[in-house]
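So, here come the structures, one by one.
Each of the next two complexes has chain A plus one more chain, namely chain B in the first and chain C in the second.
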Partner chain A sequence: MDKSTLQRLPPLKRTWWLKHRFFKLYMVREATVLPLVFFILCLLAGMISLLQGPDSWQGWVAFMGAPIVLLLNLLALIASLFHAATFFVLFPRVMPLRIAGRSLPDQAIVAGQWAGVLVVALLFLWLFGRA
Partner chain B sequence: MSTDHLQTNHFQTKHISVKRYLPDSSAEPYWQQYELPVDDSTSLLDALNHIKEQLDSTLSYRWSCRMAICGSCGVMVNGIPKLGCKTFLRDYEGEIRIEPLSHFPVQRDLVVDMEIFLEHLAAVKPYLIDDNPVKPYDPKAPETYQQSPEQLARYKQFANCINCGLCYSACPQFGLNPEFLGPAALTLAHRYNLDSRDHGTKQRMTELNRHEGVWSCTFVGFCSKVCPKHVDPAAAVNQSKVESAKHTLIALFKG
Partner chain C sequence: MNVNKPSVSQHDAHRRQAYDEPLWWGLFSAGGVCFAVIMPAVILFIAVLLPLGLLPAEALSYERASGLLFSIPGLLFIGAAVCLPLFHAAHRLRHGLFDLSLGNDTLNKKVMYGLAALLSLLALGMVVAGMLN
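Now for the complex of A and B:
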């Protein structure tokens, strides 16, 4: 082919991801960060109000109990679990683990990660249960 | 297996729409519908050949082996990149829309210009590089490069690529920025980096470490879904991200 025919196409439109179900699912996975940002801001506000004294702390506790805040944080929990579910499946493809020259089956790595989630969740339940 | 499956049957008529582009007669592409007889064994490539031979000799498309090894007959089928020879019309009900591969400039009808893909392939040096052989070459007693089955298994999956370019049409990051080296080129780089006979990793890493190298990938993963040879380019690219991070970190301490 003659080199002069080499041309570059205009880049994709911003709406490219609306073309397929697969791309939409990808964008949902990426969008899980949005409710998580809200949750992180809540935590940060809690730390600041803790430093400011008891009145500020009580105000923050009341804020966290508001139905809309509870709803948004429930959404953040669901989003993080969905992100974990998609990420855990990708992990063995990015980092195939080998033990003694044999590669671990993908299902074992995925199950291991969920076991890790369970251990951390139980640890925190135990910590807060004692308090 | 029962003999029912071996018989070609279920003759019927189907319509396929092809996006035509004839720059000599019309500046704009247009859709053209064809009606053709199909049975259970009719592949999309068979259908295009039928159109070319019986209905409309002006239709242009690429093909060669008709058995999913030459990688020539890639087209978009209802917006999904597919090999014509590996796609069967029995799997489609209703409208079948055939377009040239996305993200490549169209030359004529279903024929695209793959020059940029070939440039990206060449950039990652997809061949064995032996600049630093373990033993100097002795013409009197030449030694073959030996490789164990275990060493072969490390890269074998990534060596199945047929350069069909379907993954480039599936990749939105390549669509957004054609300078991104893209799934197949990065996979081939990873395949040679994993090869025990190769000593070219250092040369390839300078390409892979760039923003247009592995770091433009956001793991959409559609490339691996459309790959007709189950190469899993998304896995290869993201394994290369780990290697690239390691390479950068080691270079940082070495100074």
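Now for the complex of A and C:
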């Protein structure tokens, strides 16, 4: 439904989404981008400090270790995993895959995407796990 | 005639508004894939393990971090870990504001996608600046 159609319907109260578990979950998923934006702003600050020099970079690493910053970024990590969990189950519904005439089970497509997350994590371990 | 005119122009405005939606939706989807597949590892290593001192001392030293970021792979990394997730977030925030009836969508849309574009250009610009240094 496009927004011009919605505007002709009686307006919803701002609290409409509190009335059902499904809508609350939807709003939580929408809110996962808030800690993500915080992390990205941290990353941009890190890039600025990297351009400024070694002292500035050390200062940024110390800033990232401040309890409140660490806590918000842990929230961003949880949010990314929650987003992934809700996002991966959509793939087989939006684009069911067929191989040699047989449709791939939904669980296989979801597992394949989690394998992707693992591969990226292993790539980071290879990059940063050794000095 | 006078009655018809505004409704016709309104109709055109809606058509124009809908015309660019595939672009925002495409960026939102691509950003969603990045958010789900790469961001968990990015956040874990850079924002959790690094500040807790759980990475080897030289893993992200100033020299190593500059070398990795200020390169073509670094530019691609910023595209996937900053730019696309920013457009994903902008789309979700725009629709979140609409769901909560906050502000008006025409303005929210410009502010959200505008900020995402501005910060993306800033991030990519910084990588290029670092490469030229």
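Note that in this section the second predicted complex is superposed on the first by the 121 of 131 C-alpha atoms of A that agree within 3 Å, B and C clash if a C-alpha of one lies under 4 Å from a C-alpha of the other, contacts with A are read in each partner's own complex, and residues count from 1 in each chain.
The rule is short, and it goes like this: a contact is a pair of C-beta atoms (placed from the backbone, for glycine too) under 8 Å apart; a residue touches a chain by one contact, two chains touch by 3 or more.
Every value quoted in this text rests on a predicted model; they were computed, and no experiment measured them.
J.: Regarding the shared-chain residue A:93, is it in contact with chain B (first), chain C (second), both, or neither?
T.: In the superposed model, A:93 contacts chain B only, not chain C.
J.: Please work out whether A:9 is in contact with chain B alone, chain C alone, both, or neither, and reply first, second, both or neither.
T.: First partner only, chain B.
J.: A:101 contacts which: chain B (first), chain C (second), both, neither?
T.: First partner only, chain B.
J.: Looking at chain A, does chain B or chain C touch a larger number of its residues?
T.: C
J.: In the overlay, answer first, second, both or neither for which of chain B and chain C A:116 touches.
T.: A:116: touches chain C, not chain B.
J.: I'd like to know which partner A:54 touches here: chain B for first, chain C for second, both or neither.
T.: Only chain C is touched by A:54; chain B is not.
J.: What is the contact status of A:39 with respect to chain B (first) and chain C (second): first, second, both, or neither?
T.: It touches chain C, and chain B stays clear.
J.: Applying the document's definition of touch, where does A:22 land relative to chain B and chain C: first, second, both, or neither?
T.: A:22 sits against chain B, while chain C stays out of touch.
J.: Per the definitions at the top, what is the overlap between the chain A residues touching chain B and those touching chain C?
T.: Common to the two interfaces on chain A: residues 11-12, 17, 30.
J.: Hey, which residues of chain B end up touching chain A in the complex?
T.: 79-80, 103-105, 107, 113, 115-116, 150, 172, 175-178, 218-222, 225, 232, 234-235, 238-239, 241-242
J.: Given the complex with chain A, which residues does chain C contribute to the contact?
T.: 14, 18, 32-33, 35-52, 55-60, 62, 65-66, 68-70, 78, 81-82, 85-86, 88-89, 92-93, 95-96, 98-101, 105, 119, 122-123, 126-127, 129-130, 133
J.: Which of the residues in chain A come into contact with chain B in the complex?
T.: 1, 5-9, 11-12, 16-17, 19-20, 22-23, 26, 30, 90, 93-96, 101
J.: Which bits of chain A are touching chain C when the two form their complex?
T.: So the residues of chain A touching chain C come out as 2-4, 11-12, 14, 17, 27, 30-33, 36-37, 39-40, 42-44, 46-48, 50-51, 53-54, 57-58, 61-62, 64-65, 69-70, 73-74, 76-77, 80-81, 83-84, 87-88, 113, 116-117, 120-121, 123-124, 127-131.
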